[in-house]
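Going by the order they are written in, the chains are A, B, C and D; count residues from 1 in each one.
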């Protein structure tokens, strides 16, 4: 099980990191003084009293970016194993790897161009489109 | 370190899948139901990986190509599940957002446009 | 050692999953699910699927749950009532659900009994040392070329669907919006 | 066995101390540098040449009152700084600082863990960095933080993609995901920055955006959003966000050094010195950028990611792949030329964009 030993170390390191970060927050909470007043606890709005609820609804653009990120990152995860074995693919049959990924990339580019042409990446539009 | 018996994986997978099914059954919030579906897909992924390891050498006997490649069948499925799950989430959340804009609700019991 | 680690992780994961589905606040549900999805990397690594473990974290915890969190925070205050559903505890229903869940888990765990005694994984370690390469080779040396391209097509379809549903057509086009009726 | 565990513990403590210790150092260097750029003195009161200033600031923040706004979601509010700090530090688990050395008869690598998927581990952690920011902004229950966090989230996910794609080029050439493997490959071949210059530049651009640094610091644009997602944070939790930002800079620069600049490799000086020299050189670039460029407009900024960097990165990867499968002996110069050829592609793309815009204008 030699191969998994580094992962155990990473797990230990992760626990240590979160422990240190959490510990710092906890210790700092003990030291800081605490004299809350109503004004202090109000949400900051440049000095005036907060108007309305803070949790406003956002333009759908923000969500669209998230979704495009998800779809494109799914495409990218297919590139990773391809890149790992690419040299082997070239050795086995020269053009197979590049053609295989070429088709994949071509389909991706169709989607990209469609999304782009429909103005999904056009943020100036978002101002009007709340 | 001893290898973990495959049965442990299958049981974890079964438990997570059952929790996912329960989530779909008992909740009415569309977002939560969706997350529960993702949980089920994850449980299936886990079963795929575990069975790939379990069946690895057996698959080698059946296949024609190199043993390494054949032993990876289960794992290869997982990456396709990931892709399909991602696409599903993208479209599903788009539907949820569009739905919310119209009906101001996420309750699946109140969304009965398709019913007549 | 590995078995302990696995079992501990399994218990935590199932606990988080249960906590997630009985949570009123969907943001907590999403975050707990994120923990479950990221935590599944542990069994994946213990199963010699390191590449998939990383992809699992990148795709699920890094993209899918982030998207859920963005949607939940984005829908904003008007939706607070819509988001937080009243979890009504009806004893009979809860009991039924529990019975269904246990039966289902037992049914699904059936294969576990089937593979209980058999330990066929011994010859596997010889493949281990280069298993990310093996995985990549399996995916790209030709056998799965059609599924790979199909995956790309599915993602293309998803892209088109999302844009059609969410983006308004540019002003001037006579296309009808699908979001406004 | 015991010795190994001891060595591991020492290594973990060292890495943690290194990252935490880099934060005050960076703050001091940055303040001095920016002061030089603007012909001011910068901190000079606390300690000789003001070197103790960051420590004094840290102590002050440690003892400050910790204000939690009413209506804040308490649990998430406390978790957010931790969630934004942990991934930045955890990235260091796979960074190799130097060659393996012999300690007490054990061969010890100057890295915590040489994962066989190191590069993906880095990507996974950088994609987790978004949580701290979204949660911090959302839980404060205040408008500026929420706006800042939404912007920040959109920005980070947008630049995440080209960042991941630029790492594919080196992966294609070296064929390994292990960080140590990458450094060793570069030692026996060439530094990857020579073969992938465009990818390196793109990576650095995305790194600046990922760490929310000027000129891409839109989430914390003072003139628009007060302080962005951490407006409502005070005391030590604020300091945590601050530290997280600097830790993220150090870790992303360390990744760039390992992947593109040959990690610890270099003549004469000991390997770890080379690593540090390269690291500080890249960090200097970060500060130089901040001193030189004004902030971008938000729509331009998002378009930069999606319409420029992403296609550019994909083209650079694909051209590299094309060159590798040519029936000629592989030469670094050819690979580099192909990579630079992407620039030509971009100019073409730019021309097409211009033409399209003109067409649209004529129509409208």
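Heads up, the rule we're going with is that a contact is a pair of C-beta atoms (placed from the backbone, for glycine too) under 8 Å apart; a residue touches a chain by one contact, two chains touch by 3 or more.
These numbers were taken from a predicted model, which means no experiment stands behind them.
Enquirer: Comparing centres built from CA atoms, which chain ends up most distant from chain C?
Expert: Taking each chain's C-alpha mean as its centre, the farthest from chain C is D.
Enquirer: I'd like the most central chain, judged by C-alpha centroids against the all-protein C-alpha centroid.
Expert: Ranked by how close its C-alpha centre lies to the overall one, first comes A.
Enquirer: Just list the two chains that share the greatest number of C-beta contact pairs.
Expert: Going pair by pair, the biggest contact count turns up for B-C.
Enquirer: Just how far, in Å, is the C-alpha centre of chain D from the one of chain B?
Expert: For chain B versus chain D, the centre distance works out to 33 Å.
Enquirer: Determine the centre-to-centre distance between chain B and chain C, using the mean Cα coordinates as centres, and give it in whole Å.
Expert: 6
Enquirer: Which integer distance in Å separates the CA centroid of chain A from that of chain D?
Expert: 14
Enquirer: If you average the CA atoms of chain A and of chain C, how far apart do the two points sit, in angstrom?
Expert: Distance between chain centres: 16 Å.
Enquirer: Listing for chain B: what residues touch at least two other chains?
Expert: Within chain B, residues 1, 79, 82-83, 86-87, 89-90, 93-94, 97 contact more than one other chain.
Enquirer: Residues of chain A that contact two or more other chains, please.
Expert: Within chain A, residues 1, 3-4, 7, 54-56, 58, 60, 62-63, 66-71, 73-74, 77-78, 80-81, 84-85, 97, 108 contact more than one other chain.
Enquirer: Going through chain D residue by residue, note those that touch at least 2 other chains and give them in order.
Expert: 115-116, 120-121, 127, 138, 146, 150, 153, 157, 160, 177
Enquirer: Taking the touch definition from the header, please name the shape of the chain graph: line, ring, star, complete or other.
Expert: Its topology fits none of the listed shapes; call it other.
Enquirer: Could you pull out which chain B residues touch chain A in their complex?
Expert: Per the touch definition, chain B meets chain A at residues 1, 79, 82-83, 86-87, 89-90, 93-94, 97.
Enquirer: Which part of chain C faces chain B closely enough to touch in the complex?
Expert: 1-3, 6-7, 10, 13-14, 17-18, 20-21, 23, 26, 29-30, 33, 36-37, 40, 43-44, 46-49, 51-52, 55-56, 59-60, 63-64, 67-68, 71-72, 75, 78-79, 82-83, 85, 93, 97, 100-102, 104-109, 111-113, 115-116, 118-124, 127, 130-131, 134-135, 137-139, 141, 143-144, 147, 151, 154-155, 157-159, 161-162, 165-166, 178-179, 181
Enquirer: Inside the complex, what are the residues of chain A that reach chain B?
Expert: 1, 4, 60, 63, 67, 70-71, 74, 77-78, 81
Enquirer: Okay, in this complex, where on chain D does chain C touch?
Expert: 76, 115-117, 120-121, 123-124, 127-128, 130-131, 134-135, 138, 146, 149-150, 153, 157, 160, 177, 364
Enquirer: Given the complex with chain A, which residues does chain D contribute to the contact?
Expert: 8, 12, 15-16, 20, 62-71, 78, 81-82, 85-86, 89-90, 93-94, 112-116, 120-121, 127, 138, 140-144, 146, 150, 153-154, 157-158, 160-161, 164-165, 168, 171-172, 175-177, 226, 231-232, 235-237, 239-240, 298-299, 302-303, 306-307, 310-311, 314, 317-318, 321-322, 324-325, 327
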